[in-house]
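Consider the two complexes below, in which chain A is the common component and chain B and chain C are the respective partners.
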Partner chain A sequence: MTTAALPGGRPVRWGEAGMLAAGLVSLTLLLVVFVVLPLGAILVRSLYDRNDAFVGLANFAAFLQTPALTVSVWNSVAVSALTTTIVVPLAFAYAFAITRTAMPGKGLFKALAQIPILAPSLLPAIALVYLFGNKGVLRDLMMGHSIYGPIGIVIGEVFYTFPHAVMILTVALSTADARLYEAAEALGAGRLRRFLTITLPGARYGLISAVFVVFTLVITDFGVPKVIGGSFNVLATDVYKQVVGQQNFGMGAVVGMVLLVPAVLAFVADWIGQKRQMALLSARSVPYAPRRRPAGDGLALLFCALVAGLLLGILGMAGFASLATFWPYDLTPTLANYDFAQFDSAGWSSYWNSLRLSVWTAVVGTAVVFVGAWLIERSPAARPLAAVARMAAIVPLAVPGMVLGLAYIFFFNAPWNPLGWLYHGMAILVLSTVVHFYTVSHLTAVTALKQLDREFEAVSASLKVPVWTTFLRVTVPLCLPAILDIAIYFFVNAMTTVSAVVFLYAPATKPASVAVLNMDDAGEVAGAAAMAMMIVYTSAGVRALHAVLSWVLQRRTQAWRAR
Partner chain B sequence: MTLRTALAGAAGIAIAAGLGLSAAQAATKLTVYTALENEQLAPYKKSFEADNPGIEIEWVRDSTGVVTAKLLAEKDNPRADAIWGLAASSLMILDAQGMLHPYAPKEAGALKPAFVDGKTPPAWVGMDAWMAAICFNTVEAEKRKLPKPASWADLLKPEYKGQVVMPNPASSGTGFLAVSGWLQTMGSDKGWSYMDRLNDNVAVYTHSGSKPCRMAASGEYAIGISIEYTGAQQKTKGAPIDVILAAEGAGWEMEATAIVKGTKNLDAAQKLADWAATRKANELYVNFYQVTAHPGVTKDTPNYPKNAEASMIKNNDFAWAAANRDAILAEWGKRYNAKSEPKS
Partner chain C sequence: MSPLPYLRLTGITKTYGGFTALKSVSLDVRRGEFLCFLGPSGCGKTTLLRVIAGLDPQTEGRVELDGRDVSRLPPSARDYGIVFQSYALFPNLSVHGNVAYGLKLKRDAERARVEELLAMVGLPGSGAKFPGQLSGGQQQRVALARALAPAPGLLLLDEPLSALDARVRLHLRRQIRDLHQRLGITTIMVTHDQEEALTMADRIVVMNNGVIDQVGTPDDIYRRPASRFVADFVGAMNMLPGVVAETGRVRLGGLDLECEADAVPGAAVTVCLRPEDVQVRAPAWVNRLDAVIETMEFLGPFHRARLAVEPLGEQRLTADLSANLVRDLDLGAGRRLPVSLPRERLRVFEAAGA
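And then the complex of A and B:
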């Protein structure tokens, strides 16, 4: 896997190698222009004060002398670590249930796990306040503690990150070689032993990815702590205070750089995970098909029902909020809150903008991510280049949306930038959203690709089949479920994203998610909840469509997985 | 494949970009950045366009902090033609960066002097004022037997412990104007010791300025230090709250209009600045705010606290507040930020 030869040691034809190298170069260029340079443009600001005077490292010095800094760092790490510890085992069990058991309703539970990303982050925040706030229906469960603080943040973040972890882990667990299990069983290994020696190691790459994705998502998210964190300071809200509260971009960039640390660690972990992961599915593999085990399947069903029930409960509370006349004093149900024109002059147009944004993000994002991941993983040429591209693909996860949005203004609105025409249109929204959600999609694609034996390509090469034919005829069909997952992930996230696009939308391109935020700002909580529910209905509809499509595809292209 | 991919990618980007280009334009489209409330956008736009045919306003609206950050970030290549309805203190920051085109609107002479930038020609012209106010939930008060506060000093009473919410001045302009008001009226020493004691009663510092009032309106906490505008708005919607202007006077802030330097539509932008300073425009503002820039325009806004103008602190020193902002926020952070656990 190191030299300029296709895996398997057979030399490729020069034309192919050249094409693959060219592809990798264009991908790297793309990532440099849309990730590295904009971020560079804002990180440079950390060396300037707010009057654009160069101050060297003064901002860093000021930051280090802030007395509340250690509190923020500690709070951020504690909240992120706690959320990760809760979410990853939960998501692993959930993903295990929907991939490795024969319980009924797996497709339904897979869809239900995605509920949290169907909803703008404001929705769970509203729901949590209505459930556990001082006037909340379940406030007694808090036993006198306040939801406005670390407890609220952790609950909100668990809800928010759960689908991301499930998505990565489902992909990691969905492919397995049945021969390993058969051999282990024949050798007398018990179920626990098989789990510990085959299942866990097989999913190791997915697990490491999930841990870092969850940790990084929590540490950079300001949405949940801003709305429900009360006075509990975390680094992400420190960025918010500097950028939005005080327009001090230099200090905002300094805190933003601190937040990049987990991403660097994630890159190292990813790189280590890479080296160790072997392909789970070789050309000789026999796909694993779970057998019926009434007790285990029942337990799995109970667990999934419980988790999905909690997710639905939070969503249901928000649905209720969108129907209440005036919480909590007048709970008469009304549909008036769905008449958006009364709250927001853009009315329904923002909803259509969001649809366009989501479709474009899904199309462009999926194409770039999947082809990109394939080039990084499979291109025989220039490993250093692949390493650069890989790093650039991991970075976006660690960048708070706000920082990304400002970075795009600084970079694309600069008078000297030849790409300036992108600014102020739908294109900049699409591009920023693709970049914002690049990492998880990339990791999903890589996880799927890693499970395919390189021998598929080696055999094709020896048969003199061009690489791209193998890609189109073998790789894409085999990875189709993952590709669809990525497309849907981009779609639903584009429907809900706020933090970056809030700086980038133009009058004609205001998205619905921003309208939600504006309505909430204006005190129209019910209207905001109603528009947020519209987003949920849309994404849920697209998901349902996806489920049908997956089912058809499963029958047509994934038949090989079954025996 | 790779070539095809690259082409497909490029085509995708090109098409995506094409989406952003709108149809050919007939009227002059004036891009106006604003932090006005949503409900104000439509009537303001309609009135202005009726009086100025051939000009069409395209709003870019967001909260004060986001709009200010966006304007500053676009400094080297401004996209806004004009700003209508942004905090004067934000406009002062922009002015200090040389981003505003000074212009004296035709009827600016008729406005209250405090509402017009002191320079000639002025860089910005005020529209209306909003001020720090106390939102007090009467239903919760009854339940908890809390007396109605009448002054800032009242908020220090021990029975309010854990019942007061206020915006964090580092995140919210409203929070800052309350703090700046206290420091200006009480003086530095007394002001800080007031906030020390207030801090004992505060349950949560929020990031949004209107949120404390909304929390009071929904009974989460009994008392929210916020803005009188949000209070009146929530009350109109049915919230059981009283909007109280503290007896000692309150810190206040203006919404104002300005022209962005380098606009390609200077003519239209000046027409907007002219119109925004007219009596007619002020008669629109007064539907939402009791205190407007025009001395002759008053009206009893529904659910609005009376005598708003009288409770605005005299000689509100915006320049002092701007110059000392960083120091005040640093001191505030040192005193109250490290409070990691909110009190329940």
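And then the complex of A and C:
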């Protein structure tokens, strides 16, 4: 008989699987508590009046019967539709020039298109006031019309949404299969026919996605109409007025619910589009390489230079105005407008608050997102749990910042909520910002993780190496570029965001973007411009740092990235 | 007394939702043998390997490794090394870092062990390189060294050669086989390539639709396929539909063949014969037919001929004719040729669905 001796002393790592499962459960709970429950709270709140009495759908009925509010709905829709109609073709042409022509300076133009991302949406509005306002340098171009109102809002929103549309369409247009064009050319199709039968259909999901994203960004944006809207009311400013001005939370919740509608539609459309897009490009596709066409390339260059020039012009206007002694009468350069204490009692502290908020958001957000995405996609933990967490991670994309901010008020400010202590601190600002920008970061992490060999975890288990050792020694180093991207995305967005934090800040935690809003409200436009520029300088500086870091990283890891 | 199997699988069932990937599979693997799981894609061979590895635990059944029940143990508590088709090398670690990944030794001992392993797989002195700087075959050898580093009792190979060029594959096939002979480590390899299985394995496990169809030596599998599926899947095969006329006789169209059939008269059967077993030189008088060569395909050492046989109607017979034979008899398309189908080489299976 054989005595099958059990090899003794070998650690059985059941603890590992348990901890991974616990990690997934915590992630799911986190997403439920900070996304799903607050959204439930806003829904519930919309059924109560301002005295906390249950009124059913009375708030909705009142909303429909208040002419001022229904006018806002139409105003919002009109402004959003108009902006979308302008931005999407513009961005399509710009993205087309970047991806499908052989014009010089494509990298530069790609970077310039991202300028608006570095600034809060308040900045283009402030710049427009300087350009076309009552004392504006180009006021005559308005031919008697006022910039305060729909015209100003649309121009400001075009600036603000342009980079988002360009990003989506660049991705859509860069995934082209050269073989399709070769086949079409061989069959005698002309350039217009090739464009109509290959390029446009290939980019159609990108176009749909861009339309929805731009529309949603505009209808839920609060910065531009707040500064330049004048007496032209839109839904986003109504929410602010109802909640912050009149303390009418029930009605604020109703408007918030209305704002959720286009965002959810956009989300669903995007989701359907993504599912179909998958099939378009196979692994065997041959990437499209644009050929030189002097006339077309020249035209593209001219167009891109014009657009980039306008973007730079708007930014430059705000920068210039922030340095002028007394616009427009004394243009002597001065840094006096950067002495914020003279406009706002918070002074520089709101800038430091924003910096703290951004650093915390970048650190906490990146850690949670990356570890979370890894748990969902890579860990050998229970699959059904991962499926639930995967769905929860996508939800924040459908929630506009304003609605999130409102939802957080209703949820975390509720007397029964044991998490109420979070309210009024820096923590709630960090949390809301992490959640607000969660999904895009999550998808970035997932994309990076999916590029790794499926079997790393299996190999490390067979070698009896704990799964987190492999996470730290292999997964994190391999994904470092994506991790940096996520951190920078969180940082810049935390720096510029207004929509959610405007409902959640306390006097001691007021961020810079809200200070811009307050100063503008108080008529201190120069101070507002200076603070907005501080945000731009910081975002741009961090971006530059990121570029340098990425370059260093690329060099240091060249040994193993080489083929 | 036969020794206790090194690995024993009992009643392994694996379901994914409503889909059953493995249906009550039982198997004994002897200590030190080289076993191949062979089958078409989706037959469950990789699933079975992952059950053994503990990567996708079975729904039901028992896995015993070296006398120890590991059915519910996580991968890290079992004792095996694994190599994947994709190599799964850590690209940011050097070759040394990869091979040493599972070692828990002092620095000098570790360096010595890694160098020993690299020499063993034929890559001495490449510890400082990164996987990206190596060819596919070299990377797979590093993966092999990494799996063998902690001296596991069992080596699992999941289609290790499928991603490689034909020439590299042949070379690595021999190297893995040599390594196995030198180390005597119990090895299980999953493959869909029958030639790989036939040349490398001590025993082959042919799988289909989540069950084991046959376990046997390469010779068994090739010469004595136990089922119609194995006969069809491994090697080239003439599959001729017929009906049992009486014990020992099968009717194919207008043809009566003598064979070792024990099915009841009237049963629908498939008669199988390897193309190389069609006898041309000095055909025997048993099962003799008059054939006409319809087409001939040149395949190097032999020609593959399609033979028309009148009583078989539309059904064609495939025969492999050696180059010598073709030259000696001056064979070509259109030639009339008497052939015979050796009685002992004909294998009869009940027809599918019967």
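Quick note on the criterion: the second predicted complex is superposed on the first by the 324 of 563 C-alpha atoms of A that agree within 3 Å, B and C clash if a C-alpha of one lies under 4 Å from a C-alpha of the other, contacts with A are read in each partner's own complex, and residues count from 1 in each chain.
Going forward, a residue touches a chain if its C-beta (ideal position, glycine included) is under 8 Å from a C-beta of that chain, and two chains touch if they have at least 3 such contacts.
Just so it is clear, the structure is predicted and the values come from calculations on it, not from any experiment.
Touch criterion not met for A:384: it reaches neither chain B nor chain C. By the touch criterion stated above, A:472 is placed in contact with chain B alone, chain C being left untouched.
Once chain A of one complex is fitted onto chain A of the other, the partner contacts of A:367 are limited to chain B, with no touch recorded for chain C.
When both complexes are overlaid on chain A, the residue A:294 reaches neither chain B nor chain C.
When the two complexes are superposed, the chain touching more residues of chain A, out of chain B and chain C, is B. Look at A:56: by the touch rule set out above, it reaches neither chain B nor chain C. Looking at the shared chain after the overlay, A:418 reaches neither chain B nor chain C.
Touching of chain A by both chain B and chain C, each in its own complex, is seen for residues 466. Chain A meets chain B in the complex at residues 19-20, 22-24, 26, 30, 51-52, 66-68, 71, 75, 129, 133-135, 144-146, 148-150, 226, 230-233, 237, 240-241, 243-247, 249, 325-330, 343-345, 356, 360, 363-364, 367-368, 371, 375, 406, 409-410, 413-415, 420-428, 430-431, 466-468, 471-472, 502-503, 505-509, 514, 518-519, 521-525.
Within the complex, the chain B residues that touch chain A are 1-6, 8-9, 12-13, 15-17, 19-22, 31, 37-39, 41-42, 45, 58-63, 65-66, 68-70, 72-74, 76-77, 79, 93, 96-97, 139, 168, 170-172, 202-208, 210, 213-214, 217-221, 230, 233-234, 237-240, 325-326, 329-330, 333-334, 336-344.
Here chain A touches chain C in the complex through residues 2, 4-7, 10-14, 16-17, 380, 453-456, 458-466, 470, 473-474, 477-478, 557, 559-563, going by the rule given at the top.
On the side of chain C, the complex with chain A involves touching residues 3-4, 53-55, 66-68, 73-82, 84, 86-94, 101-102, 130-133, 146-147, 149-150, 152, 156.
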